[in-house]
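Every chain is named by a letter (A, B, C, D, E and F) in the order it is written, and numbering of its residues begins at 1.
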Amino acid sequence: MSTFQHIKPAGKAQFKDRHTTKAAELLTPYTEGSKGDVAIIGAPLSKPSISHSGASFAPDVIRRCLNSFTTYNIEEETDISSRKIIDFGDITMHPTSIEDCHQRIYQSTKEVAQAQAAPLTIILGGDHSITTSTVKAIKETKGTVGIIQLDAHHDLRNTEDGGPTNGTPFRRLIEEGHLKGEHLIQIGIRNYANAKAYHDYAIENGVTVYTMKDVRQRAIAELIQSALSQLESKVDTIYLSVDMDVLDQAYAPGCPAIGPGGMDPDTLAEAVQQAIKHPKVQTMDIVEIDPTLDTRDMTSRIASLLIINSLVK
Amino acid sequence: MSTFQHIKPAGKAQFKDRHTTKAAELLTPYTEGSKGDVAIIGAPLSKPSISHSGASFAPDVIRRCLNSFTTYNIEEETDISSRKIIDFGDITMHPTSIEDCHQRIYQSTKEVAQAQAAPLTIILGGDHSITTSTVKAIKETKGTVGIIQLDAHHDLRNTEDGGPTNGTPFRRLIEEGHLKGEHLIQIGIRNYANAKAYHDYAIENGVTVYTMKDVRQRAIAELIQSALSQLESKVDTIYLSVDMDVLDQAYAPGCPAIGPGGMDPDTLAEAVQQAIKHPKVQTMDIVEIDPTLDTRDMTSRIASLLIINSLVK
Amino acid sequence: MSTFQHIKPAGKAQFKDRHTTKAAELLTPYTEGSKGDVAIIGAPLSKPSISHSGASFAPDVIRRCLNSFTTYNIEEETDISSRKIIDFGDITMHPTSIEDCHQRIYQSTKEVAQAQAAPLTIILGGDHSITTSTVKAIKETKGTVGIIQLDAHHDLRNTEDGGPTNGTPFRRLIEEGHLKGEHLIQIGIRNYANAKAYHDYAIENGVTVYTMKDVRQRAIAELIQSALSQLESKVDTIYLSVDMDVLDQAYAPGCPAIGPGGMDPDTLAEAVQQAIKHPKVQTMDIVEIDPTLDTRDMTSRIASLLIINSLVK
Amino acid sequence: MSTFQHIKPAGKAQFKDRHTTKAAELLTPYTEGSKGDVAIIGAPLSKPSISHSGASFAPDVIRRCLNSFTTYNIEEETDISSRKIIDFGDITMHPTSIEDCHQRIYQSTKEVAQAQAAPLTIILGGDHSITTSTVKAIKETKGTVGIIQLDAHHDLRNTEDGGPTNGTPFRRLIEEGHLKGEHLIQIGIRNYANAKAYHDYAIENGVTVYTMKDVRQRAIAELIQSALSQLESKVDTIYLSVDMDVLDQAYAPGCPAIGPGGMDPDTLAEAVQQAIKHPKVQTMDIVEIDPTLDTRDMTSRIASLLIINSLVK
Amino acid sequence: MSTFQHIKPAGKAQFKDRHTTKAAELLTPYTEGSKGDVAIIGAPLSKPSISHSGASFAPDVIRRCLNSFTTYNIEEETDISSRKIIDFGDITMHPTSIEDCHQRIYQSTKEVAQAQAAPLTIILGGDHSITTSTVKAIKETKGTVGIIQLDAHHDLRNTEDGGPTNGTPFRRLIEEGHLKGEHLIQIGIRNYANAKAYHDYAIENGVTVYTMKDVRQRAIAELIQSALSQLESKVDTIYLSVDMDVLDQAYAPGCPAIGPGGMDPDTLAEAVQQAIKHPKVQTMDIVEIDPTLDTRDMTSRIASLLIINSLVK
Amino acid sequence: MSTFQHIKPAGKAQFKDRHTTKAAELLTPYTEGSKGDVAIIGAPLSKPSISHSGASFAPDVIRRCLNSFTTYNIEEETDISSRKIIDFGDITMHPTSIEDCHQRIYQSTKEVAQAQAAPLTIILGGDHSITTSTVKAIKETKGTVGIIQLDAHHDLRNTEDGGPTNGTPFRRLIEEGHLKGEHLIQIGIRNYANAKAYHDYAIENGVTVYTMKDVRQRAIAELIQSALSQLESKVDTIYLSVDMDVLDQAYAPGCPAIGPGGMDPDTLAEAVQQAIKHPKVQTMDIVEIDPTLDTRDMTSRIASLLIINSLVK
C-alpha cells in the first residue's frame, strides 16, 4: 500500500500530528523475548458476575482510550514516548465453561509472568472473579503473594451459593491456601455494600480493612504506605488489585455495582502511583468496568490513565 | 391496608379502568393443582450465548408487556378475560455453572410438564441454549418430540468449539438421541446467517429447511401446514421453538443477532397461531430477546402478543 | 410452588447469598398494627410540576435501589438487618384532578401518621407540590410544624400564576395558615435559581434562608444544629423536606431542575443524618427525582441511601 | 443587523440554498385577517394522559420537522411554495387545572374557527383528551359534526374512573350531547387494545368500527369513501382525528401506546389525503406523539408530512 | 505469541467456530498485484455535508458489520468463502481543507482503479460529496461514465450557495463536463425532498428521473433493466451510486436525511444485485450512513449485506 | 394575535411566573446603536476540529440554557433583571470552505467590536479554531492583545499537519504576528494531554504555562491575579479564552476531548469572575462544547452561568 500517497490500512486513517505520540502508540504486541516497561494482558471474562455484566468488553475499550492521552507528563516534565507497553493480547474464553475460562486465565498469567517482559504486569479484566486465577499463577511464579485491594467490597463471599463469582476471589484464594488473610489489605470498603458476615470473616482471618471513613479521615498516602510496610517484609511479591467501583458513581458511571460515597479519581491515581513505585509491586489488575453501561468511556479512560501513570513508576 | 381508601401496595397504584382487564391480570401464580389455558415459566439464562446477551431479563419484561394489551380480541369479537395463564414463575440459575443451569431447566420443565396445568406450556427464554434441556424434559414426559423451529439460524453448530451455546441446541438434541433429524423442521433460515457445513449437516440428518425465500414465495400457512402434516403422524408431541431473530431487524430490534431480510410480525403471529391450534403442539418457547438492546420493548411486546394469541387457540 | 426445587415466583429468581441481607428485604408491607423503625409511603404525583416531570416513577425506583445496598454499616460496625421499614405502599392518584390528588395525599398522610407505625415516616415524592398536603396532615396529627427544607429553590412562588405547582408548596402552607414563616428554614438556596420577589417574601415572612454560600463557608453540621435549635422549642414536630435538586447536577443528574453549584451527596447525607437524630424530626420527604432523566438511577440510589441511613438514627 | 454581511439572528444561521423552500418557510404567524391554505394551532397538553406522556412537546417538534421537507411534490409535479400555513401559535396551558386547560382549548379553537383563516384547520396535540374540547368548539361554530377517527383505540372509556383523560374524548362528546354515535366512524381499531365493554358501547351507540382486519382486507380508500358517504349528508362538517398510534410500532416509535399490528405510514397518508379532499372535512387533529420517546423524530416527521400533504388538497 | 495456547492478539479473542467463515474474514488488505472478486476503499469524509454528519465513521462500521454475516448463501446454496474482498484501506483526510480531501479521493480512486484488483470496486463513504471525485477518477481511467443513482434526492443543487457539498455531486459532474445529463439515471427520488428548480434542471439536462411513485408502481427490476439498457450502448462504464437515504426511515435510521416514504431493503438489495450483474457496472459507492445516529448499526448492516451480495455477482 | 386570550406565538407558550425573570429574557437582539452590559455572538463552526465535533450546535443550546437561570443572585443579593445582553445573533458559515468561515468570523468579530455595544463581548463557539480569527479582529480594533487561556491543551500544534484546526489557534496567532508569546498565559494544562514539543514551543516563545498541578497547589485567584498583573501593563486589551475541557470529565461531559484530572466548575467560575472584573478584559470566548455528546446539557448550562456571572462584573 506504500505506493499510494493518501491511503492507509483500514482503521488507521486518523489524523496524525508529527510531534504528538499518543499513549496507544506505546503498545507493542509481544513477540518472544520482548522487553518493555509495563506488560498488559486482557482477561475479557464477565460471565461469572453475579449481576449482568459486559466487563468482557473492557480490555478493548481501555486500549482504545489510550488514544485519549499523549506521552507527555507536563507536571513532571517527563516524556514517556520511548517507554514500551508490551501487549500480550487477550486470553480467549470458553463460551460455556467458566471453569475452563478461569483455568485459561491461570495458565496464561503464568506464561506471561514467566516471559518476564516487564517489571510490572497489568491484567485488564473482566470482572473480579479473574483475580483468583491470576494471583494463583503469580504465587506459583514469584512466591508468597501479598495483596492490596482497592474496592468497595470485600469479595469474601461464601462459594457455596454461587461458585467462583466476582464476589468470591479473595475468599477462594484464602480457602485454597494461596493467600494468608494477613497478607490481604483492603482499602475503600464502603458502608452498606457488604454483609456483616464477610467483615467478620475478614477480621477472623487477619485481613486488614480500611473503609471509606479511613480514606476520608487519613491521607491515602498514609494508608498505602502502611499497607506496603505491612507486606514488604512478609511476602515475595505484592499484587495490586484495582476494582474500579472503589470510585464514586459520579466519577465511574461504568461499573456494574456503582454507588455514592466512593473515592475520587485523583485519590485512586495517587494510591496506584505510590504503590507501584514499590519494587515488590509487580502485578496489578484493573477490573469491573462494563463499557456498555459507561458514559462516554469515562471509567475506561481513568483506567487507561492508571496504565500510563505506571510508566513513570 | 384495606382500611386506607387511597393507598395500594407498592407498585400497584396504577390507574384502573373498571371495565378493562389487562392481559397481565390473567397471570395466576401456580399452586398445586392449578389448571389454566396456558402455562408459562421463565428460563432467565443467557450466559451460554456466544455473544454478550441480556436475554435473562426477558421473562420479566415479557410479563410486564402483557400490561400493554387488554383481553378483548375485536377482530374475532372474543373476550378472553376468563382465560387463565398459569405462571410457574422463573427457574433460578446458578451464577457460574452453566451445566447446572441447564440441568435446572431440564428438571423444572419436567416438573411443570408433569403438573399438567394447561394444554399449552410456553417457556420464556433466555437464549436458545435452553431448548436442549426443555425438549429433553418434554420427551421424557410426553414421548417422541417433533420440532417446528422459527429461526434465522440452524443452531446446529458443532459442540467441540463452544459447548452447549445458543448455537447448538438442536445439534445436541440430535446427537444425544433425543430428536431425529426428520422430526425437525426449520422455517425462516436466512442468507449469510449460517455456515454451509451446518446446512449440509441438516440435509444429511433429514432436517427439513425452509429459507426466507420459501417464506417470501409461499404462504406461511402452507409451510406450517406442511410441517404439521409431516410431523403429526410420526411424533407424540410437537414443540414450537420461536427464536425472535426470525423477524427482520426493523421489527425486532431487541435480538442479539439482528439482521435485515427477516419476517414481519404478522407472518410470525400467523405461523404461531396456526401451529398451536394443532392438538399435538403442547409446548412452545420464545427465546433470544435481549431487553437491554431493545427499542421501547418492541420485541418483548410482540412476544407478549404471541402469548395472548395462544389463549384463543 | 414450594415443591419445585429450582423455581421461584416471577421476579424473585435473582441470586441470593445466604449471609447477605439487602436493604430492600427490610421492606415490610404494612398491616394493621405493624410497628417498625421507619415507615415509607409513596406519593407518585408529578402532574403539578411546572416543567414536564416523571417524578411519579420515583417511589418504585427508590424502593428498587434498596437492592443496591446491604444492611451492614461497616463504618459504625452496625448491622441493621433486624430493623424494619414499614411500607404503606403508594397513594393512588386521580388521572385528571390534581386537586383530588393533593386531597388523597393529605388524607393518606394523615392516616399513616395516625397509624404510628414508626418514629420516622418518609414520604417518597413525586414532585414538591405534595409537601403542602403532607405538612397539613402532619400538623393536624402532631401539632405545630417546623420545617427544614433542603432545596435549591424557595418554592414560595405566587399561586395566582399556576396554582398548587411544585414551585409553591411552602407559600401555600404559609398563606393557608398551616405554617409560620419563622418555622421554615431553607438550606442550600442557589444563585440565579429564584426570583428576588420570593427572597423578599421569605425575609418578610421571617423565613430563615441559608444559601449555598453559607453551606460552602460554614460546616453543614452547624447550619443543621442552628436550625434544630431555632425550631425545637417553638414547634411540636419537625418536618425535613429534601428536594434532591439541592445537589449539584454532576451528582444528581435525575432532577428536573438540575444545575451547577449545588451540594455534594456526603454533605446532604450528613445533614439528613444529623437532623433525623433529633427526636422532634418525625417526618421527612424526598422529592423531585425523575427516573426517566436519571443516569443509571444515581439520584434514586442516593435517595435510597438516605432512607437506609435513617435506620441508624 | 442588516449591516453585517455574515450575521443572522440567533437560530437563523443555517445553510440556505437559494432555490429551495423548506416547508417550514410556509408557516406564517397569524395576524388579524390572515388567510391561508391551512391553519395550524398547537394544543400542548398531555397531563390528562392515563400514562406518563410528553405529548405537550409535539407541536414544537412537528413544526421543526417541517424543515425536513421542501415544497415540491415531484410525484404530482406540483410546487406548493406559494401556499401558506397560517400558524396561530400555541394555546397556553394552566399548570395544575386540567379543567382550565380543556376550557382554554375549547375557547381558542372556537376563536380560531371563527377567524376563518383557512379551509382546513389542523390542531396539533397534545394527547387525545383535547378532542372533546376542539370538537365542541367546532360544533358550536360550524354545526353538526361527524368524526372520522384513525386510532388503535375506541377512546370511549367511562369517565367515572379517571375523568377527562385521553381515553375518553369520544365518550364525553357523546354523553355531553355534542356528537351522535352514528356520526362517529373509527378506523384502525386493534386487537387486544380495548375492553369489550367499550366495543359494546360503540355498537350500542351506533358508532361504526373498522378494525385493522378491515384495513388489511379492504382498501383503505374504500373505508374512507364509505365513511365520507355515510357522513356527508348527515352532518354539517367533518372532523378528522388522527391518533398516530394507529400506526405500527415499527413506524411510529414515538407514541405512548405503541404496539404491533398497526397501519403503515403510506396507508395513513392515503387515508388522510383522501379524506381532506372532501369539502366538508374542515378540521383535523394529530395527537399522541411523545417526542421524548421517539427515535430521531420519526413520528413527528410523519405528522409534518400529513400537514404538507394537506396543502395539495 | 504462538507459544501461548489461549492468548490471541488484542481484539482477536472472539469465539471462532471451526466451520464458520464470517464475511469479514474475506477482507484481504491490498498489496501490490492483489486480485480479488471485489475491491473496497473507504472515503471517510463528511465535513462537506450541509447538515452535521458523522458519515466519516461509516467505513469502519460497515467493515465491522461484515462480522454479522457468514459466507453461505443458503437461498442459492452457494458458499462464497473462497471469494476475496481486496481492502485498499481508507483515504486519509485533511482536517481543514475540503478541497484537498476531494483531491485525495480523486487521486486515490484513480490509483485503485488502475490497480485493477477486482472487476467491481466499492467506495465506502462518507457523504455524497465524494462522488464527484470518484466518478471523475473513473472517467479518466475507464472512459465515458453512466450513473445509476439510488437516492431520495437529486443532488443537483447549485454550487454558488455552498460549494462542493453532499447536495451537489452530480451537478458538479455535469457542469465540469465529466458527465452528460442523459447518462444519469436517478431512482427513488422522493416527494418534498427536493426543490422544483432541481427537478427542472434534471429534465433540462436530460437526466432520467424515477420517483418513489415509479418504484411503487413498477417492479424495481424493470426500472433497473431500463436504466441498464439505456446506458449500456452509450457509455464505457457504469457507476452505481447508492445513497442509503433512498430507504425509508424505519429501515435506515442512520442516515442524516431520513424520512418516510422510501424503499424497503429488499427492493434496494434487488436493485443492486441486478445492476452489478451487468459487466459494465464496475464501480459502486455506498454513502450517507452516519453511525452516530443509527440504531444498533442497522443501516451499516444493510450496507455490509450489499457488499456481500456483490460477491455472487 | 393579541385578541386571543390563551394563545401565544409558537414556542412561547411556556409557563410564566409574573415575578420571575429568566436570564434568557435579558437577551436583546442587536439593532444599530444598541448598548448593553454584555454582548454575545455565536460562531457555530466545528468543521475545523481534529475529531468529529458538533460544537456548532452550542450557541443555540447555551442561549436556551439561559432559561435555566433567573436574574437574582441571592448570594450577593443583587438582581440583574435590568441588565441587558445584546445578542448579535450567529455568524453564518460556509458549508465547504473553512477558510471562508474563519474569514467571516474575523470580519464579524471586527464589526461587533466596532459596534461597541457593551464593555464585554462573549463569543460562543464553535471549536477553538475560531480564536485565531476573533483575536486578530480584536487586535485590529483594540490594539495589542494579551490572552488568558483556560484549557487542558496548549493549542500550539504545528499547522503543516492539519491547517487551522482547533489544535492550532494560539500557534497561528503567534506565527502570524498577532500575539507575542509572553502575552499568552495558559491555565489548567493537563498531564498526558499535549506533546512535549508543544510545551517546549510554549517555553521557547515565552508563554506562561500553569498546569493543573499549579491549580491544585495554589489558589486559582492567585494564578488569575498573577496573569492579570503580568499582562495589564503590557497590552491594550485582554482576551479570556475559555475552553470548557479545562473542566474534569465528570463535570463537563459534553466536550469532545474530555478527560479526568480537570478543574471543577466552581474554580472555573471563580477564575472567570475574577478576570472579567479587570477593566482590560473586554472579550471572552467559550468554546469546545458539543451538545450532541452532553448529558442533559450540563456543560452548556455551566457556560450559560459564566455568561450570567459576567453581568455582575
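We take it that contacts are C-beta pairs under 8 Å (C-beta built on N, C-alpha and C of every residue); 3 or more make two chains touch, one makes a residue touch a chain.
Being a predicted model, the structure only gives us computed values, none of them experimental.
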Query = By the touch rule set out at the top, what is the minimum number of steps from chain B to chain E?
reply = 1
Query = What's the chain with its C-alpha centre farthest out from chain D?
reply = A
Ask   = If you tally contacting C-beta pairs, which pair wins, D-F or B-D?
value = D-F
Chain separated most widely from chain F, comparing mean CA positions = B
Key: Same-site or different-site touching of chain E by its copy chain F, using the half cut   = same
Ask   = Just curious, how far off is chain D from chain C if you go by their C-alpha centres, in Å?
value = 40
Inquiry  = Quick check: how many Å separate the C-alpha centres of chain C and chain E?
reply    = 57
Request  = For chain B, write out the residues touching at least two other chains, lowest number first.
outcome  = 15, 50, 95, 162, 250, 295
Query = What is the complete set of touching chain pairs?
reply = A-B, A-C, A-E, A-F, B-C, B-D, B-E, C-D, C-F, D-E, D-F, E-F
Remark   = Seen from chain D, its contact residues with chain C in the complex are 47-50, 52, 54, 56-57, 94-98, 129, 162-165, 292
Message = Taking the touch rule as given, give the residues of chain A at its contact with chain C in the complex, in rising order.
response = 50-51, 157-158, 160-162, 167, 189-199, 209, 211-213, 249-250, 253, 257-261, 293, 295
Task = Flag every residue of chain B that touches chain C in the complex, lowest number first.
result = 1, 3-13, 15, 27, 29-32, 41-42, 44, 59-60, 63, 87-93, 95, 104, 107-108, 111-112
Request  = Could you please specify the touching residues of chain D with respect to chain E in the complex?
outcome  = 15-21, 23, 68-75, 77, 79, 81, 250-251, 265-266, 269, 295-296, 298, 301-302, 305, 308
